[in-house]
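First up is the structure itself, then whatever we jot down about it.
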Amino acid sequence: MSKRVAVLTSGGDAPGMNACIRAIVIACKKRNYDLIGYLHGYNGLIKQESISLSLDSTHNLIQQGGTVLHSARCKAFTEEAGLKQAAANLSEAGVDALLVIGGDGSFRGATHLADHYLGQIIGIPGTIDNDIAGTDATIGYYTAIDTAMNSIDKVRDTADAFERIFLVEVMGRHAGFLALNAALSSAADYVILPEFFESPESEIKKILTQIHAQRRVRGSVSFIVVVAENVWPQGLQALTKALNDSGITDVRPVTLGHVQRGGTPVSNDRLLATSLGEYAVSLVGTDTSNVMVGEVNREPTTVPLTTTSDSKPLNSAQVALMKSIMNERYG
Amino acid sequence: MSKRVAVLTSGGDAPGMNACIRAIVIACKKRNYDLIGYLHGYNGLIKQESISLSLDSTHNLIQQGGTVLHSARCKAFTEEAGLKQAAANLSEAGVDALLVIGGDGSFRGATHLADHYLGQIIGIPGTIDNDIAGTDATIGYYTAIDTAMNSIDKVRDTADAFERIFLVEVMGRHAGFLALNAALSSAADYVILPEFFESPESEIKKILTQIHAQRRVRGSVSFIVVVAENVWPQGLQALTKALNDSGITDVRPVTLGHVQRGGTPVSNDRLLATSLGEYAVSLVGTDTSNVMVGEVNREPTTVPLTTTSDSKPLNSAQVALMKSIMNERYG
Amino acid sequence: MSKRVAVLTSGGDAPGMNACIRAIVIACKKRNYDLIGYLHGYNGLIKQESISLSLDSTHNLIQQGGTVLHSARCKAFTEEAGLKQAAANLSEAGVDALLVIGGDGSFRGATHLADHYLGQIIGIPGTIDNDIAGTDATIGYYTAIDTAMNSIDKVRDTADAFERIFLVEVMGRHAGFLALNAALSSAADYVILPEFFESPESEIKKILTQIHAQRRVRGSVSFIVVVAENVWPQGLQALTKALNDSGITDVRPVTLGHVQRGGTPVSNDRLLATSLGEYAVSLVGTDTSNVMVGEVNREPTTVPLTTTSDSKPLNSAQVALMKSIMNERYG
Amino acid sequence: MSKRVAVLTSGGDAPGMNACIRAIVIACKKRNYDLIGYLHGYNGLIKQESISLSLDSTHNLIQQGGTVLHSARCKAFTEEAGLKQAAANLSEAGVDALLVIGGDGSFRGATHLADHYLGQIIGIPGTIDNDIAGTDATIGYYTAIDTAMNSIDKVRDTADAFERIFLVEVMGRHAGFLALNAALSSAADYVILPEFFESPESEIKKILTQIHAQRRVRGSVSFIVVVAENVWPQGLQALTKALNDSGITDVRPVTLGHVQRGGTPVSNDRLLATSLGEYAVSLVGTDTSNVMVGEVNREPTTVPLTTTSDSKPLNSAQVALMKSIMNERYG
């Protein structure tokens, strides 16, 4: 039986969202499902702004960063009236299943929508932060690691030339996935993560120990500290000042910023996005609803939307490795 | 108790081999193990060509393609005399554990060496082909996918401009991992894989069906066929001719070639190489030997070296997805 | 006074053609000129296939490889009837000026069109080969150098690992610009150029001299030969065989192929394309016609279309430098 | 007659400095000149820290960012005693010619050194800022444009997704070369340059005009402002606030920072660095001294070191083009 499917992107954009939209278009076409795309996240749902998505729109879409459906915050969707309006619009449009590509804020919204909308709701994890429980990785996460790593590779050229200390702030919201993986893959000397942050004093002390140990053994050297955003009180400037006050004067802060959200997706994000898009559409018409699709151990899976904001641990082997680099290398 | 560890790289080089060497150096330093690096694969073992590997040698090593230990084929190692000489040299050098970074040919050699050498032998999977059982991915595989994908992205620019058919040959030895992932991530229209190759006639027929279907629906279009190496009898030129003979005249063959083996490794290869190097050294001094370390479901694991050439299946969801693209999209 | 302008892309596509189209759209908009884009090179002119180009179409166009107007060969345009038809169509469409982005074959066509069409004809040099007299560089040339160079950087990783000889064929049609610049910028050891090719025997002899000299001084080493296409009789396989026959056995050929035509343009190509597009439109309405716009010493300039196929010399300082690398380095 | 040459890198590092060092090594080898490299800029000259540079050190050097000779500021070199010590050390080491790769601060130092040192002094322009008179481009400039452009390409993905205003600060010290070229090549909507900065009020007014015009014509859109560093009073945060105060609320600032100094050099920087290194060495032994080598209209040239800090104008065609984009596009 034919179905009517809708898709939207919500929350911070992430490389691979377009690849996921493309996969959804193809998967719907294959099954003869109608597909509409709502624009500007939940705003388009409330304001009935939508476009139809045909096969032609998928050409050269897999490699584009950003999202052709646009994204936006939507205050109205946090209120009863907005949710009801959205549900009414979906019913009026005859939408059987709504696919939401986004992060945990978007899934919280979707959960509330489910109180008013009787169709299927399926979440697809799209965020560079990887802070969504129920999937090993989120769409955009792999590209963001590579973007951060490549930037740190460049920073190291300058750090080595001047034998300076560089502080590099990477994104991640309140999780350390991106910072930890960027630090390990770029051979950074130290990382400050929300999951293990004790106090400014203890971090400064450890950084100083490492810098002094390296300088003792190898002479003047470069030293790169990766700092997850939202961890250090008052930010990178405060950390720079704290190091200056401790006698480490040649410190340069770099905030990678929104560059990390863009760019053509790497293969892993394109493959994940393609796989999740296909899987989400394959669930349309089943009695599975209010779930997020994810990939665990390379197999597609679903979890209730309500559990996607559960705590998600860092990889313990990676944590142990980074800790050993930060603590023992020159001990 | 301190140990003496040796490492070598063997077989085709792969991006991330240097990242693995770096991790091994750091892991040995942490445990106060001595570490020597044999040069030119098993040749260095037989000819006693080696270098010492210190922490200083690891600086800026993680991002380098190739292998600082060099690699080479070694005919002498396929013979009894060579194996005995290698074993004698290892004993004389007091090597407790030999780490071999390479592919299944290298592991076969390592297995034979174990008949003569009493120390530990630990394999680490390094090849862009991903054709090693016992690990989800091999070092270099992720980078090769991205290299192939980025090249196909460029080919598509020209294919679109001229609305031509392009045949792109990618590596993979006798396995389709690289070709399948490159095809899916670059939105190729067709892929020819060793795992599903029936006959030239049936493949040509399917390709023609797809091209004609697309042209019927969308007019003149570009069409990209990814071809795994060693599959098509007589190679890409023969496939080009076969298509010409079938009335498809505007066909251009592109062989990506050795470009796929080089380049700075992507983050996933750096992380895998770092994790496997650390894990391999952690096994030194245990009674685990004649194994390959690998990563399965993001956890380190070991399998007997003798099982690494077992058959390893493609990801079934990916296969189904690609098949649906090739068969049903315009059906 | 308002004008009606047409643009088409012809010949081999080159990165930056889209950037040039974008610049032309903006330049026309600024002057309130109408602009139409003919599709598929001169074919669109003959078959009256065209699209209108608005400001909206320029969004995110500057970074796209290929050409949104498509390109194609056009046999009909080499015949009187085709030229007359094209001229008639241009007149009927009220086109005051035709801008042709392409190479010297395209400009030859434009020159013949001028016998039948009374409007302005302005050529813009777009080809990765840089073989157009009257401009220091052609649109696409800079990107192709970087693409070739980056590929050779990757090949070197493997060449170093195995201490092998690699032959890398790069494009350039019958000119050595691309090969020479790719060789110099990738620190290749040898280059074979159409401008200086003597005989297979003498080239082989020089290559052998270099390889033996390097091996004498530095032991086994990698060695990279960049080969311009269309120079070596019977191509790369023949050169490989000739080296094998001379006792150099570990030779690997790599043909970069159409990858060199695609990809997002580098900044120099975007800037050149933007500058030439703007300049071409600025000439509309003047009495300048049957010219190609170009950039010489960073200033815009024009030359008669009939002189664009004149011989264009390589940079003499670059030639001297490469020759000294090939002849004297280990002398 | 054989010569003794010395080289150092000074000031901010730039991609291509290593390529230049490589060219100098090869050029010296060719002429049988001795070559030493002083470390850490002028500090190494004063403290007699140097290394010898052999052909082996040039392998895989052309593609490395940073500088293997390191760089540093040198306060001692601004004082008489330091200059005298440096001159004495050069004489004692028997250095006939000192090559200084750096920017105008480095050349000022070199000029002062000439009061005490009788050997040749030859400057080579190396800085991403391109603010050196007497050469069309400086080593590192081309790579920095591409790095900035590629970063802005990524920012645009996010800007488009959210239809937001982004402010992107790029380097350039007190010159607008980098900002102007990054803006033009990334199709930015507005640029703020030191050369044309009038007042915060007038810039804000113009930006508002452009944003409102675009929104009127195209609806909600993204808008990218490239801002040269050191221009806006109190920096990017102040500009963000000023726009907020003017009713433009969705503004995001991004400071690209030191990422722009690093990375593997693009072909144009490798070629320029190679050409200038060769040319500088070719002048050793002539009576040319206290000059900087440069490239003007693709030919090598020299200018007195004292003139390198003269004012250097932006390209007037580029300025006109950018102004037309900022003023007239939606007028």
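All chains are identified by letter, namely A, B, C and D, in their written order; residue positions are counted from 1 within each chain.
We adopt the following convention: a residue touches a chain if its C-beta (ideal position, glycine included) is under 8 Å from a C-beta of that chain, and two chains touch if they have at least 3 such contacts.
Bear in mind the structure is a predicted one, so any value in this text is a computation, not a measurement.
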Mutual neighbours - chains that touch chain B and chain D alike: A, C
Distance-maximising chain from chain C - centres being C-alpha averages: A
Centre-of-Cα separation between chain D and chain A, whole angstrom: 34
Centroid distance [mean C-alpha coordinates] between chain B and chain A, Å: 28
Set of chain D residues in contact with two or more other chains: 153, 156, 160
Chain-to-chain touches, reported pairwise for every pair that qualifies: A-B, A-D, B-C, C-D
In the complex, chain D residues that touch chain C: 22, 26, 29-30, 55-56, 58-60, 62-63, 136, 142, 145-146, 149, 153, 156, 160, 181-182, 184-187, 217-218, 264, 266-268, 270-271, 274-275, 278-279, 297-300, 315, 317-318, 321, 324-325, 328-329
Residues of chain A defined as touching chain D within the complex: 9, 13, 15, 64-67, 70-72, 147, 151, 153-158, 160-163, 166, 252-259, 261-263
